[in-house]
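Common to both upcoming complexes is chain A, partnered first by chain B, then by chain C.
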Partner chain A sequence: MLTTLKTVLANIAKGPATSQYPFKEEKVPAGFRGKVTYDPTKCIGCKTCVHVCAGKAIKINEKEDSFDFTIWDGTCTRCQMCENFCPTGAIKVTDNYHNAYLAEDAYKRACYGNIPYIHCSECNKTIKPLPEVVAQEKLKGENSAYIERSVICPDCRRKMMAKDLMKGLAR
Partner chain B sequence: MLGVLKKPLSKMIAGSPWVYRMNTGSCNGCDVELATVALCPRYDTSRFGVKLSGSPKHADIVVITGPMTIRCKDAAYRIFSQIPEPKVVMTVGNCPISGNVFQDSYAIDPPISKHFPVDVSVAGCPPSPWAILDGFVKCIEIWEKRVAEQLD
Partner chain C sequence: MSKRVYFLPNICAGCEECLEACAREHQGDSLDYIEMVDLYPVPMRCFHCADAPCAQICPSKAIQVSAEGAVVADKSKCIGCGSCLLVCPFGIPKVDTDKKLMKKCDLCIHRLKEGKIPACVQNCSLKALQFGDVEEYEAAKRKKAASKLQKLGDSGL
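After this line comes the complex of A and B, so read on.
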């Protein structure tokens, strides 16, 4: 009798085991994979995410003077491969679990970014830009050599490097 | 007489929607999340009066999981036609929305919205129980409106 009473009282003190979710926000466990977000200011358009995406949720559509980036969480499998492989951290898997929506809002949940190309200062060819934030993050400290030639296409860069090398050799 | 009773009646009916679960070729991930997690006492959907029903003829809310395989298409149509009007359709998981990792397969025919009028979608692979709870809450709002329309 006394043990029963003890258990009952202990259970009353413990409170309900049921999650109070729709009335109270729930604490998300560590490592929970929710909705994916995309930061167009960090994207370099390397297409690694398109290659690794299991559910074909990411699409990069290349146009004449810009490229479109779309990620739709209706096809996203939440495998977090895009975040793991993204070299600049433009794609982030958040712990947002509010994933129920009315059917007509389905396409409003896509993350979209339009990134214009820049032109090579030597030959005027279109190249994908490297954002300033990413340059600061990746090339820490002394990077004046890079900053000088940041708007040059790979072909022109190769030529310039070869020229510099030849100059050095001739000396 | 009915005009006065309309509001309380629709509230009362919306208080206990019965759910029929339809698996149209799901991998069982969403079924596990739905039937043994969202409908169990931890995330108690009975708080909103949601109860699993065994027969489609007693159902108010239809919960569909899976990308609709060609094999089960006829059966799914037949079962769906047995559910009395008004009904609310909810899809759980990414497969009914787009086909997910199975998209472009010859054996499936997604999305579900091509076949049935979907009202609420719950995304995720599988979705978290909280998202499924949210989905039920949204469904009940729609269900209440539909019942009120029916009473007119």
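After this line comes the complex of A and C, so read on.
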């Protein structure tokens, strides 16, 4: 009897062994794959993520003046392939483990981004924008030629270059 | 060092023979351009940058700088995303959205390996396109300028 009481008292003093989940945040182990987040300021719309997504959760819908980017959270298998292959680091897998949701919120659980195209400064044609972060990180940001010409469509860029070549060579 | 295709001005007649030669070499797709500047035709192709931005941004690492100094796109790795088109300072890559492939000048790398020169250079009837070493080209230009200076000195000016 006395030993039982001893054990009970010792356990009460130790506190609960289980976590008080909804009322208290729990620590997650390093490398845990949780909800996926998307940063539209870094996205270049290359569709690599669409290509590698195992669950076909990522959709890129190209429209006339913009493109839509969607990650359906319910379809995502947390495989981290998108983060691995994203060339600019626009997609990140967080340690957010809150995966329970109400049935009515099922279609609201998505990462959504709308990226408008820019217009060529010469001929007003629509082209995909080159994010500044990408120019700084990926292309080291040392050469301003990329940034200066990123608002011009490839056709006009070629024409400009031909003009420059002719000017330089005619000397 | 790496060899490139050079263009000599005021010789090109705009006959588009280089475009046709390119199409013959690359399964019917011409990968070169001829841009008209006022009245003068300027043949353009990939400049094969030493520090190519397209190779840096390519998400599937399909674009690589080869040992010959040519910037070559691997067809089996290309996903046709068009990122290279976004950063190319010259607007050279051609993206085929149906086949999801990017096509650009590869300096006729299959011909280079056989010891031949690129098809556009070989077929240029006016020799407006030249294929040569960067350093050789610089040396020839220096020599030309030096001989001009020599002449000036001789004439007593």
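To be clear about the criterion, the second predicted complex is superposed on the first by the 127 of 171 C-alpha atoms of A that agree within 3 Å, B and C clash if a C-alpha of one lies under 4 Å from a C-alpha of the other, contacts with A are read in each partner's own complex, and residues count from 1 in each chain.
Note that in this section contacts are C-beta pairs under 8 Å (C-beta built on N, C-alpha and C of every residue); 3 or more make two chains touch, one makes a residue touch a chain.
Keep in mind the model is a prediction, meaning the values are calculated, not measured.
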Margin query: Under the stated touch criterion, which partner chain does A:I12 make contact with: chain B (first), chain C (second), both, or neither?
Written below: neither
Next item on the list: State whether A:A106 touches chain B only (first), chain C only (second), both chains, or neither.
Entry: first
Check: Once the shared chain is lined up, is A:D73 touching chain B (first), chain C (second), both, or neither of them?
Finding: first
Note to self: I'd like to know which partner A:R149 touches here: chain B for first, chain C for second, both or neither.
What the structure shows: second
Check: Which partner does A:L139 reach: the first (chain B), the second (chain C), both, or neither?
Finding: second
Next item on the list: For A:K47, decide between first (touching chain B), second (touching chain C), both and neither.
Entry: second
Item checked: Partner chain(s) touched by A:A30 [first = chain B, second = chain C, both, neither] -> neither
Note to self: Output check: A:L2 vs chain B and chain C. Expected answer is one of first, second, both, neither. What do you get?
What the structure shows: neither
Margin query: Just to be sure I read the superposition right, which of the two partners does A:A162 touch: chain B = first, chain C = second, or both, or neither?
Written below: second
Checklist line | chain B and chain C contact sites that coincide on chain A, given as residue numbers | finding: none
Next item on the list: In the complex, go through chain A and note every residue touching chain B.
Entry: 17-19, 21-22, 26, 32, 34-35, 54-56, 72-78, 97-103, 106, 109
Item checked: Partner chain C, residues of chain A touching it in the complex -> 44-48, 51, 85-87, 127-128, 130, 134, 138-139, 143, 145-146, 149-150, 153-159, 161-163, 165-166, 169-170
Note to self: Quick check on the complex: what are the chain B residues that touch chain A?
What the structure shows: 41-44, 47, 91, 94, 97-101, 103, 113, 118-125, 127-135, 137-138
Checklist line | Complex contact set, residues of chain C against chain A | finding: 7-10, 33, 35-37, 40, 42, 44, 53, 56-60, 79, 81-83, 85-93
